[in-house]
Amino acid sequence: MDAQPTQTPERAAYYDKIAPGNLAPLWENLKALVTPEPVSPCQPFRWRYAEVREHLMEAGRLITAKEAERRVLMLENPGLRGQASVTHSLYAGLQLILPGEVAPAHRHTQSALRFVIEGDGAYTAVDGEKTLMREGDFVITPNWTWHDHGNDSDRPMVWLDGLDIPLVRLLDASFAETWPEDRQPLSRPVGDSPARFGEGLLPIDWRPDAKTSPVFNYPYERSRAALEKLRETRDWDPCHGLKLRYINPASGDWAMPTIGTCLQLLPKGFTSAPYQSTDGTVYTAVEGAGRVTIGNETFDFGAKDVFVVPSWHRLQFDVDEDTVLFSYSDRPVQEKLDLWRERRGNA
Amino acid sequence: MDAQPTQTPERAAYYDKIAPGNLAPLWENLKALVTPEPVSPCQPFRWRYAEVREHLMEAGRLITAKEAERRVLMLENPGLRGQASVTHSLYAGLQLILPGEVAPAHRHTQSALRFVIEGDGAYTAVDGEKTLMREGDFVITPNWTWHDHGNDSDRPMVWLDGLDIPLVRLLDASFAETWPEDRQPLSRPVGDSPARFGEGLLPIDWRPDAKTSPVFNYPYERSRAALEKLRETRDWDPCHGLKLRYINPASGDWAMPTIGTCLQLLPKGFTSAPYQSTDGTVYTAVEGAGRVTIGNETFDFGAKDVFVVPSWHRLQFDVDEDTVLFSYSDRPVQEKLDLWRERRGNA
Amino acid sequence: MDAQPTQTPERAAYYDKIAPGNLAPLWENLKALVTPEPVSPCQPFRWRYAEVREHLMEAGRLITAKEAERRVLMLENPGLRGQASVTHSLYAGLQLILPGEVAPAHRHTQSALRFVIEGDGAYTAVDGEKTLMREGDFVITPNWTWHDHGNDSDRPMVWLDGLDIPLVRLLDASFAETWPEDRQPLSRPVGDSPARFGEGLLPIDWRPDAKTSPVFNYPYERSRAALEKLRETRDWDPCHGLKLRYINPASGDWAMPTIGTCLQLLPKGFTSAPYQSTDGTVYTAVEGAGRVTIGNETFDFGAKDVFVVPSWHRLQFDVDEDTVLFSYSDRPVQEKLDLWRERRGNA
Amino acid sequence: MDAQPTQTPERAAYYDKIAPGNLAPLWENLKALVTPEPVSPCQPFRWRYAEVREHLMEAGRLITAKEAERRVLMLENPGLRGQASVTHSLYAGLQLILPGEVAPAHRHTQSALRFVIEGDGAYTAVDGEKTLMREGDFVITPNWTWHDHGNDSDRPMVWLDGLDIPLVRLLDASFAETWPEDRQPLSRPVGDSPARFGEGLLPIDWRPDAKTSPVFNYPYERSRAALEKLRETRDWDPCHGLKLRYINPASGDWAMPTIGTCLQLLPKGFTSAPYQSTDGTVYTAVEGAGRVTIGNETFDFGAKDVFVVPSWHRLQFDVDEDTVLFSYSDRPVQEKLDLWRERRGNA
């Protein structure tokens, strides 16, 4: 896979001749298609929350949640402008819901995660059940479930949306429907799913009919306490600090089939060993501050900032305070397809 | 998801203002991103083998297999020119190996299938083991296995290549290496894998280390005989006739993690009921002749022709002779991700 | 399978002749071996805790936990005396640990569950980690893990032991070892496993090496609160009331591979519909009181009593108060082997 | 687990006092229940086929297949007489069907395997489909499937029956029914299942509803050829020679959920390294002759002889000719329950 074939006039003429038949020579493209290492169009980038927040608040004045259906500023990767992509396969956005607003009920085959950046007391309803959202909560609206959001608090609510839009687009598998009213009817009390599925037990005769976790809210209070407990062992991974992945307790698999989500703790003063993996990843800091080096670029970041690490870019953290990072990527997809790889250190 | 938000000068100015920060309004794009039904850029198309073969033979004169590394004419979807894609997520090509030629050894994370269209006696070697190829054989070169092809017969050999190139591209997960010599060394006799893994038994202490089937050649003789046996029950599926999927006997799953492959028999005079599914599919006829209606277009086809059915396009067959079709799609991916859907009949 | 073969002198002589060769006629035994419905040697029985407790306390005076290794009164099924069996495949016992005592560290291939009946503050240590035990807690000492118990409180501690001793005996798969000292060394803090595995997350690089849940204490406080939350939906199963099974969050399977464990709530005044299943089951009431009819026998029961329901015996509850039942059986084994059946109502 | 507790008159009196309450002291039994290594009641034994055959033929004169329902001589382990057990958990018998006879249709939850010892042309029908049986064929009658056997040839037919009778007995899970007539009606042609499920393909919309392989006949011709092909690599396992396990191609798991079946080749002159495993195993030689040492006993054996290796007994082969062994055990059960162990060599 080294040398390109020679270009000759005869060959060029041949390529022109076959083109109308929807034919093209692989040999002119093989090196670009099958690369020795990932060559991603994505670029590293960091969005400062303070700046995006200002724009979001202006959006709050320009359009209602209802008219927008979803009042979201997409975080577009600089290498993929116009494609609604933050990594090659995934989407990110920051969604604002003002007090009293509703983002109307719909459903779609795209899976969505919400990670709460700011605010307390808005809700997401999923297939007849509401959950209340607080900072740091990880909430799922699974593939093809009815969902609407509302803000009954007196403060703006902002969360990070992560969806598999580019992946579903490549698979040509988008379906969507709107509910006739803004809010779907509720059939179960708040807290039903966490009790039913999230306490180490499952209903005796329940069988999952989907791969997404039936626990659709993972409260930060619980996840953060788990990290805090585990730091007692001081068993820090050189690349990850202390890193947990959210799971579907009905299978032990990732909480979502298309998007892998993690929460990790880097202790004050920690400098991580270099790390590469094939899953382009979006991060947001819940707590803390520091610097992240992605490939050849270094960004400083603080709480609520968002940054993206493209596939196979060398990643290194260096933090000044105890730092908690939420992240998401397409790792579950790559694992299911035998494609995921990582490299630790400088090997 | 009905009305688009109103366009106003104020909003337009706002969009311009936020664009440099790699931000964009979701609400201007939501309808295009999350569609009520799949809206594929792919178009239906049929390649007549007789025409492509002529071009292939000319390619045989213009470039050697060795210089080309792989002398393949890509079958590009008319809706996706320049993207090495036959469906949105998959690739197709027709590869020619002339007598005495070798396509040199390499490996890559892209998975490949070969379905033999013409010829008898060329070989594929995979990780130290050769298999001989005949018309109708389905051969796999799994993800990251060394493979080379050669033709020791006295006739040209042509096969259909199916790869997951666009999918691996979206996932930014391409790795590739070349072997220092044209042919890799062989460590096991011809026929070892079929005996070891393909006769209803597995070695007592063997554990699979990959999701792809260890049986890397599924000979047509066996597959065709299975179809012929099953026709005795006359248990025709209205949409599919008699349709079997190739499996990995170590898991019962599809033979390949990223590409689903099937062989089906439509009996003489059969008209199928309409069928739609979300997995855009490539077909080639091994035997027989007839017409296929894909969406609003009807194509006639005969043996060795190739055609592509984009996602969610209405598909209907009408055959004049006993017809055997080989097909491949990304259905295993969609199933793993809870995205696959089908619709039967006019419902 | 209706008539037995005729007995004749000639046949009797033949049976005598072949017996020394370790041969016997199936046809004289077939009806007894392959029965139309389960014919269990087990009988229904109820142990009143008040009575057993008195015996246990006497045992506390007769032998130390250390000399006994485990000071346990086995609950033997009246139909299986001398076989250490409470159902045909499982074992039950009530274990007493007095203040200051230790049950020394050992490990064995038999899996064990502990369900705390009385007391607060004893501990179980499993592979280097202690857990504190309270009434209603369900604690696992998985297959081949080092475990010891101790009571640092000032009250006697009693729990129900459930093991798969008869099953492991049939499989001839018993291994056991003792630790050189009474207490194993501790390597992780109290609470590590629940945080690591039981909060909806798993360590990013952890892979289970066993089928038993890594969460080895399921505190009653959490399980009971889940039941209480779910009663809000008033969605009572006619046979089970509200019944949850303890799971392994790393797989979604039962918490233990050989023993299935459940917690269920029957609301005050509930009369259950008749129910039969092939898994002989041991119950203990954590709260409440009522009557249980097992086959043709009715027993009254109160908190801490234990009763056993043999395979395929008709089971019916009738409770006077809100009643919480813990139960265990070999259902996971039967499910894995395609043997488990249930029948609801009088069908 | 070393010293037994001291026996005292006071303790003895206590044991007597608690016995009527179905209570017994664990501490008097612990060492016997939880043993350091498996202590099986099974003993090694070899049945010479020539001797059993003579008895079988006499049985053929004493009782018809129809009156017997199944004319089988049970091979009872000398250590488990009267229990219909060849190992602790499994059953073995030799079944005779004379020309023109039928063993009438019934079904039961016990799973059965048939391994053909002698004869050619008898059939087994399973849920509406017949299969013809030849020497060395491995045939399954899965759990709860209707099955009858008949002999339309002109020679006696003898096969080895392997069932999970003792295991199903321990689980109290036996169900059985008889079909109103001797032969069940046939709904599919001979050869349907092998074509449908056994050629590396599965019907596109078929989903298994049971754990047993849908391929219910594994012909010796195919299995033996696989072994012969694999000997080319000369890759002999020191303990096993060349050993394959029969699988369910729909899952890659063992062909039956309760009984593991294998076929292995020991080349002429081969002496195996010592081997122990926890699954008591029944062997029969299809071809060849040699000696087998089981624990401290050595038996010579030839084709068609049957012998049993109890759990954890040291096993060693020494063969004079190319020897092919069929074997079965409860290994799939032990694996599912995390109980299976092996030890290689003298370690």
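So that you can tell them apart, the chains are marked A, B, C and D in the order they are listed, and the count of residues begins at 1 in each.
Throughout what follows, a contact is a pair of C-beta atoms (placed from the backbone, for glycine too) under 8 Å apart; a residue touches a chain by one contact, two chains touch by 3 or more.
Worth saying up front: this structure is predicted, and the values here are computed from it rather than measured.
Student: Which chain's C-alpha centroid is most distant from that of chain D?
Tutor: Greatest centre separation from chain D goes to chain A.
Student: How many angstrom between the C-alpha centroids of chain D and chain A?
Tutor: Their C-alpha centroids are separated by 51 Å.
Student: Measure off the straight-line distance from the CA centroid of chain C to the CA centroid of chain D, and report it in whole Å.
Tutor: Chain centres of chain C and chain D, defined by C-alpha means, are spaced 30 Å apart.
Student: For chain B versus chain D, what separation do you get between their C-alpha means, in angstrom?
Tutor: Those two chain centres are 42 Å apart.
Student: Indicate the residues of chain D shared as contacts by at least two other chains.
Tutor: none
Student: Under the stated touch criterion, can you name all the chain pairs that qualify?
Tutor: A-B, A-C, B-D, C-D
Student: Of all residues in chain C, which touch chain D in the complex?
Tutor: 1-2, 5-6, 10-11, 14, 17-18, 21-27, 29-30, 33-40, 42, 45, 47, 51-52, 55, 58-59, 62-63, 67-78, 81-82, 84, 87-89, 91, 93, 106, 108-110, 143, 164-178, 210-212, 257-258, 278-280, 310-312, 330, 333-334, 336-341
Student: For a test of understanding, state which residues of chain D touch chain B in their complex under the given definition.
Tutor: It is residues 188-189, 191-192, 195-196, 198-205, 208, 215, 218, 222-223, 225-226, 229-230, 232-233, 237, 240, 243-252, 255, 262-264 of chain D that touch chain B.
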